Structures are given as structure tokens and as C-alpha cells.
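In the two complexes below, chain A is the common chain; its partner is chain B in one and chain C in the other.
Up next, the complex of A and B:
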């Protein structure tokens, strides 16, 4: 599995708008040192291409893991982190930042400006998740389907706010808003890669400790209670993890659809339904999927690139239909 | 509390104590004296609501090793009482104590190691394999070296050993019931004096399996000193395999009586049917239901 991951990463780094020679790969170890002039290929490889490839892997892993957690939480193989309102909340905050607080942004120092959008989207994703948890506890205490419906309601509000922002936006704002919404991995650099690596590893470690208990949830909330698992505590922890993983991904890359939905499904078909195996497998498969999608996205129409969100949705839609048909055939129904 | 004390109490209290006897048959009156150590499960005026319907107050207690069948017409609140005892439904008033300690003060995993519940219906997501479903009964134990063996033994006891390796969602209703029963066995397999609550455990099974699994449940509980509480519809199962009958009607526990021939009259009035006793070859007896409305008027509204 990890060999496949490494091979895919190397191949993905090889393809791109700028050709990479073998000598570029070895430049990092060449004795010339940092002062020596490096070829364009080596510069692209080490400072643009590789960070992006590694970033795609980590973001894919985050999306895959958050998808697996969401599906375990809702006991439904068709659930997706965007159901919880994470994506909606992030997009809503981003839209507000672009349109409503455009003036406030201009007052910030130049160096901070690129961070404004991701940070506000991250805050938006997190705050929707916590609002969701509080609200669901208050409106429909203890019920996981109630949590789902609360998420749908919050998502509707977020979508309407985005719609309002779109309506009020200037042409330029509209362009940056729609570009953000489509999703891209182009902003990757090594510091960001390090940040998400720490986040994903930490969250994955925590999620793995929850996995045994998440299995209990598959028996239903009541039975989980009977065997000593509090669905309420579990769901609070799972929501925080989903918010962190998916919120980070959405904040920096926009909405990348379907990876969170399809990765756990593929994982289950490979390793079976045991969450202790599904979670790590979703992590790896999510990473591979997004790397694949991103590699296509930036190589198909060289020198331009397609936003990766368009690409995942384009592939994901038909795959989802196949999954639905498969589910219906096996169980005589969906759900 | 003995009978003499009960007579001095106002009628309300009498009812609340579960000692009232509106069905008549004073010779069957069974004043239960709680003595010695704390009962395994104690209910003190526990009440709950479900929509517009109130249930309770229920007051009763049960000792380790006792076998209680909850009987009553549909909608009488049997499952609700069981859900109160299993902690699935929170009490609006009153207090439940497990092993002398209020249930609210028990940690959920600690309680789950000594209280197992077989619900009336179950749906398992993701098509988990049978062994995983059964082993989840032991999820409350952090360190569980004997798990594999216990899961296999529990499956065998529930007549489900042949189902190992299958996906739960591909099993028939009766097979699913057996796997869930195995899960309950596994949950309290190596404990002493636990509480086993089952809600119509055998409804989806054929008669032969019903006999075998009811025997298995009773032997399993007896060997370990577990108290067994079952919601049942089959009167013969209740009369032959249980010591106490809790009769329920319209959300109230109206009687608590020993399961013997004297209970038959009360059962006739409870369901508004006639019952004919037939002696079995083994010294026991069975009842045959008959259409009969003669004593219906005596059933309290």
C-alpha cells in the first residue's frame, strides 16, 4: 500500500508543464550546495511540484479520513462530511470575507493577506461544526438522525448566505469567490505541508483510538448504549475530528467533492467493514485518489490547469451512481 | 415489607409498591420481603412519559438469580419498563439502583459489563461480520484476552456457531436474533450476578429453537447467578421458565406474583381470555388459550 503511494507520488511529480530530467531529482544531493545555480526543472520539482504532490496526498488523506468518520457516525455509507455543514460553513465564511469584508482586508499588512481567506474559512468550518453540535443537542438531544437534519438546515442557511454574497459581489470578487469554490491545490508550500502533516497524523491517531467504539455505533445508538458506549460522547469527538480534518482541507483547497464519499467506500470493499481497518485504508485511498485527480487536473490541458474540484466531481458523480446501483442490488434498497 | 404493613398504607402507596392486587385472588398475594444485601436492581417510584402516555410509577426490586417475565396486552408498557431498566429511557421521576448504587452514578462501561440487553429489533450498518457483532458485546472491557474463545462459546450456546464468517445483513430474521443473543451472552459471559434484559427474544424463531434457546438463556443465567427479565407473549414460556410474573396494564405494574397455577386466573383477567390447564408428563403444566369474555368486567379500567 505504501509502496503504491510512493510510486504514485514519484510518477505524479514526473508529469507536468515543465519537464523534469533525472538530473533534477539528484540535484538535492549534489555537492554544489545551495549557492550553485539550479536548473529550472530542479526548481520546479523541489519548490513547486513536490510540495504540491505531498500536499495533495495529505489533503486527500484528511478528506478520506473525515469521510470515513462521517459515515461511521451516521451509520450510512452514503454520508459525506459536507452533510455536517463543514463545507457550507467554510464556503460561507470565505464568501463573507471576499465580499463583505473586502475593505477590512486592505488594511492588513501585505504578508498576511494570503492567509485571510483560508483562516476565515477554517474558522467558518469549525464554528459551524460546534454550532451544529450545540444546536443538535438542544433541538434533538441524543439522536444522530437529528444531528444530520440539523446539519442539512445549517447548510441551507450557509448556501443562502453564499447566494446573497454572490448577488452582491463585484465582478472581481465574484471571480475570486468562484475560483475558491472550485478548489485547487496550487497554493502548496513546504510549511503548509508540514502543518497538515501534523494535523492529519494527530487526528488519525485519535480516530484510530475511536475505531473500536465506532464499530459499536454500527449496531445502533441504543445498542451502543447497552454495551457501554455513549453515542453522545462519541459523536462530539467524531465531529471535532471531522471539523479539523475537513475544515483544514476546505479552507486551503476550496470544496473538493466526493473524495470523502468514495474513499471510505473503496476502503470497505478492500478491507471489509471493520472501522479499525476502514479508517487507515480510507486515509491511504483518499490520498491516492486526490493525487490522481490533481495530477490529471494539472496535466490534461497543459499549460493551463483544471480546478481539481471540477475534476473530482466529474469522476465522483458517475462513481456515486455506480455505488448506488451496487448497494441497491446487494441489499434491495439504499440506506 | 410484609402484608400487615401493606394493609396500613394508603391505597396509593400500595399501588406504587407493586403489591396491590386489583385482580383478586388473595391466596396468591405475594408480599415480598427484601432482606439481606441490596437487591440487584431496585426501582423506586420510577416514572416516564411517552407522548401523552404516562408510565409508572414502578416500584419493585429483583435479586440476583431471579427470573422475571413481564406480561401484558400490547401497548401496556412492557418494553417501556424494560427500557427504563436498561437505561435506554431516562426516568422523569424516581430512582433506579443497580447493586445498591443509583444508576446515574455508575460509569456506562462498568454498568455494561454487568447489564446486557437484547432489544426487540436491531439493524446493523455496514454489514459487519457475525463475530465482530458478537465481540462488540465486550467492547466495554479494555483488556480482554479471552475474547475469541468467549465469542465462539457464546455463538455455540445461541445455536449460531454455523453463522460465523457471514455478514450480519445477509442473515434471516431468526439468524440475526440468534447472533444478537450470542452478543448478549458474550457481554456477561464471565461475570457473576449480572442482569440480563430481553425483549421478546424468540419471536422470530421456530418452536424447536424457541425451546432450546429459552433453556440456554435460563441455564446461562442460573449458572452465573444472573437475574433474567424477559418481556414475553408466550404464556407457557413465562409459566414454565420463570419464577415471578410482572403483569402490566395501561402503563402500570398491576401485579407481581409467583409463576404457578394460582397465576392462571390473573392471566385470564389480564388478557380477557380463558385458559385451560393441561398437565404435562414431567409434573409441570401448560395452558391452552380459549375464547372467553366472562370475567372481562373485573379487569380494572
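Up next, the complex of A and C:
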């Protein structure tokens, strides 16, 4: 599967608005010194397109992993990381930053300004998740279904704050917010790619260690409790991982729907319900899905670009329908 | 990595060689275009595109954005999409030598990427003032290496502007002492349910004030949704809209069905003035002509 991923990545990097020749690929290995002029194609390949392709892979992996964790935690195939308030919190913080703190941004030095929106969205996602965990502990301690309902309530609050910001926004602010919501992978550079790679690898390693416990949870909260699984502890760990993975993805790219929902489904159709296999498979499938969507998004209407969230839904929805129909036909029911 | 070996099958080999030749030709053609000394301008912003056409630099124009709608020739040019959601590769694929953009252009990371690829990106700040428009015209002239044409156009526009303003002043002086400046309400509608009105700091208010009238709504900035009480309290003598917005709201009849509008001093005698959107609010080289037409339209509507 990883070979397929690498091949897909190379193919995707070849397609794009700017034509790339073999010489541009080989320029990375050529002995030409730093003074040699870099062709436009090579510059685009190494500095714009490849970072974007690799970024799409890592963000897709992050979304896939957080989706798998959420579905395993809630034992519900329709669960989505947004239930834990991640997207709501990030969108709420983004709306507040764009609308309420627009004036304050002008006082920051130029170098810091591009970081304001993603950092605040990330902080927003983390704080809403944290608030959710605290609130759920206080209101519905030790119950994971209680967590779900508390999440619904917090999401409602976040949506109302976003609505208020939408009302107060000026025309330009409103459009910035809309485009942020639609999602985009533009503007990724190598440092950012490195950051997300580290984050995803670290979180995936931690999540893999939770896989056995999540398998036990599939028997039901009470039964799992009898065999020594602490739902409280598991809940806290899962929330932290989902918040980090999905929060980072949403903060930098806006809301990209469906990847977190569909990747685990596809993973389960391929490798079965064992969480030890589903988690890594969701990483790879999420990466492939987002790569495919982003490749379409940036090549269909050259020189313009369609927001990538539209394609993840367009691709993911029918694929899921096909797989569900196939599963129902083969096994006589959806697992 | 395994060394690539040519397939033994002769027909497949021939196909591959043909495909490779095609790619090479396209590639060399692309690089040849980029090496040519001619200017290649990507213009992002309707007013800036109009300026490029007005000073005769349109042969250098290779890309425009979604807000560039005038003149007719822009339709043939590649469209780089919405100004706020540009694609770095998309813009670079046009092999530009210069990108001229308004303040709206974004996202900032993409603009940085375009700049890092060696294409200068010039952001011209927007303000709803005639003098600002002339400054932008001068900058566009400098960037397209047509400063003499820009200067000539600027002189002509100044003369037109002075004439238009003189007409406005004359009309204001002709008003009897009892009559105050007309109160105008600008209505922006995308559909029958989404209707906004313009407050302070908007391009609509700037045009209204240039035409010697007063914005009927005060106390808030930007565009806000229409509320019936606010509209009635504003007592506008005239309603201003864009042609596209008027059509979207369902024509004059549809506009007056909106809550509150029919009960205003403008609604009862149906005093509605509608001008084409880029003409009215574009703040490009057609500004003096637009002001003249707006002033005349106001006078005609108020007399009726």
C-alpha cells in the first residue's frame, strides 16, 4: 500500500498548472552550484508543488487517523472528529480572529501576521476539546455516550458564536471566512510539512498503542470496564490525540470534510474491524483520498483553483456508497 | 530505482517516443515563451484591468481575475479565479513578468510563493477617492512601461472630473435654501432574501457623496442586512441600486416589496436609480463618466 502511495504522490506531482520536465526533477541531484539559475519548472516543482503534495499526504493521514480514533471511541461508524468540537472550535476561533481581532492584527510585525489565523484556530480547537473533556467529566463522568452529547451542546455554542461573527463581519471579512471554511491546501512550505510530519508520526505511534484498548472497547463500555479498560482514561487520551491531529489540519487548511468520516470506513472494508490494522490503514487511505482531491482541485480549472473540501465530498461520498453496497451484498449486512 | 528500459513491443515504443516528443515540444514552447522579453501582466482587480486597457497595455495582459469584467476583451483572457483565493501554480503557469493586484489579493502565503518564484507582485492599495484612482493609474502606467499614456489619460480624467463636479456643485447651488441635500439609500441585493444596505466607509457612500447627496443611513460601517425600522427612520429620498442587484431582487416591483422600502419617501413615488455595478462602484478610469451619469440620474429621479 505504501508503494501505491508513493507512486500516486509522484504522479500527482507531475500534474499541475506549470509543465514539469524530467530535467526539473533531476535538478535536485545535479551537481550545479547554488549560483546556477533554476528553471521556473524546477522552482515550482520543488518549492510549490512537492511541498503541497507531501502536505496533502500528511494532512490526509492526520484526518484519517483522527477519524479512525473518533469512530473507535464512539463505536459508531458515522462519528466524525467534528463531534468532539474540533472543527467547531477551530472555525469559531478563526471567525473571531478574522472579525473581532482584525484591528489588533495590524499592530503585529509583518513576519508574525501569516501565523495569527492558523495558530489561533489551533488554540481554539484544542481549547474547545479540552473544555469538552472537562465539561463531560463534570456533567457525565465516565461515559463515552455522554461525551457525544456534551460535544453536541458545545458545537451548538460554537456555531452561534460563528453566526454572530458572520453578522458583524464586513464584506471582505465575510469572504475570507467563507473561503477559510471551504478549505485549501495552498501556501504550504517545507517547514510546515516537517511540522505536520512530526506531529502525525508521533500521534500515530501513540494511537497505535491505544489500538488494543480500543478493540476491547468495541465490546461495549460496561464489558470493557469489567475487563479493566478505564473509559475515562481512554477518553482523555483519545481526545488529546484527535485534538492535536484534526486541530492542526483544520487550523492550517480550513474545514476539509469527509476525509475523517470516509477513510476509516474504507480502511475497515479493506482490512476488517481490528483497530490495530484500521488505524494505520486509515492513515494511508486518508492520505490517498486527500491527495486525489487536491490534485483535481488544482488541475481542473487551471489557472484558478477549486476549494479542496468540495472534492473530498465529491469523491468520498460515492466511493463510500459503492463500498457499502458491495459490503451489504457480500456479507448480507454492514459490519 | 529500477532503470527504465524501453519496451520491446515496437508499436508501444513508437507511441512512447511520440508522447515524449510531444511533451518535449510543449515544454520547449513554454520555456521559449517565458524567455521572451515582452511583458506579461497578470491583473487582479476590475479597476486595475480597466486601467491596463485604458492606457493601451492590453497586449501584455495574460491573466485577469473574476472581478475584471470590462471591457469586452477581458472575456478571452485566462481567469486566475477569485482574488482572495489565488493559486500559486495557476498564476505562475501564465509565465507572468509582473502581477498587479489590489489589497484584496490573497492568501498571503500564495503571494509570497509567487514572489519567491521571481515574479514581482505589486499590491496597490484601494481607497474610494478620485485622487487615489489617479495614483493607481500612475503606478499601473509605471509598471506597464506606459507612463506617457497614463499621464495623458490622467489629465483627461482630471478635466472630465472637474466638469462632473462642477455640474454637481451647480445643481447644489440651484437648490432652494429650504431643500437639503437629497438622502440616498444604497441597497445591495444578491437575491430576494439577501439584501444589504450600505453604511459609512463603503464605495457606495463615496459615490453618493461625490454626487452631492447624503447617505441616508448613518451610524454604522460597511454593509449590513436591511431592517425595516432602520430604513423607515432613515427617510431616504432616493434608492440607489446596481442593475445586477435590482434584477436579483426582482426588479423595481420586487425591490419595493422588501419590508420598509415602500413606506419611505423614496418608495412611494418609486424613486429608484440603478446603474451597472462595475460602472457605479468600480472606481476605475470610468469614474468621472459614472459620476456624471449618477448626478444626472439623481436629478431626473428627484424631479419626477
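Details
By our rule, the second predicted complex is superposed on the first by the 313 of 335 C-alpha atoms of A that agree within 3 Å, B and C clash if a C-alpha of one lies under 4 Å from a C-alpha of the other, contacts with A are read in each partner's own complex, and residues count from 1 in each chain.
The rule is simple: a contact is a pair of C-beta atoms (placed from the backbone, for glycine too) under 8 Å apart; a residue touches a chain by one contact, two chains touch by 3 or more.
Quick caveat, the model's predicted, so the values are computed rather than measured.
After alignment on the shared chain A, the placement of chain B and chain C results in a side-by-side fit free of clashes. Once the two complexes are laid over each other on the shared chain, residue contacts for A:229 go to chain B alone; chain C is not touched. Of the two partner chains placed around the shared chain by superposition, chain C is the only one that A:47 touches, whereas chain B remains out of contact. Shared-chain residue A:170: touches chain C; no touch with chain B. Of the two partner chains placed by the overlay, only chain C lies in contact with A:179; chain B stays clear of it. Between the C-alpha centres of chain B and chain C, as seen from that of chain A in the superposed arrangement, lies an angle of 150 degrees, given as a multiple of 10.
Using the contact criterion defined above for the overlaid structures, shared-chain residue A:304 touches chain C, although it does not reach chain B. Of the two partner chains placed by the overlay, only chain C lies in contact with A:187; chain B stays clear of it. Touched residues of chain A were counted for both chain B and chain C, and C has more of them. The superposed arrangement places chain B and chain C with a least CA-CA distance of 40 Å. Comparing the two interfaces of chain A, the one with chain B and the one with chain C have no residue in common.
Residues 23-24, 26-27, 30-31, 34, 63, 78-82, 84-95, 104, 106-110, 112-113, 116-118, 221-223, 225 of chain C touch chain A in their complex.
The touching residues of chain B, counted against chain A in their complex, run 86-88, 108-113, 115-117, 119, 122-129, 132-133, 136-137, 139-140, 167, 169, 183, 187. Touching chain C in their complex are the following residues of chain A: 16-19, 21, 39-41, 43-44, 47-49, 113-114, 167, 170-172, 175-176, 179, 184, 186-189, 298, 301-305, 307. Contact residues of chain A toward chain B in the complex are 75-77, 212-213, 215-220, 222-223, 225-230, 268, 272-274, 331.
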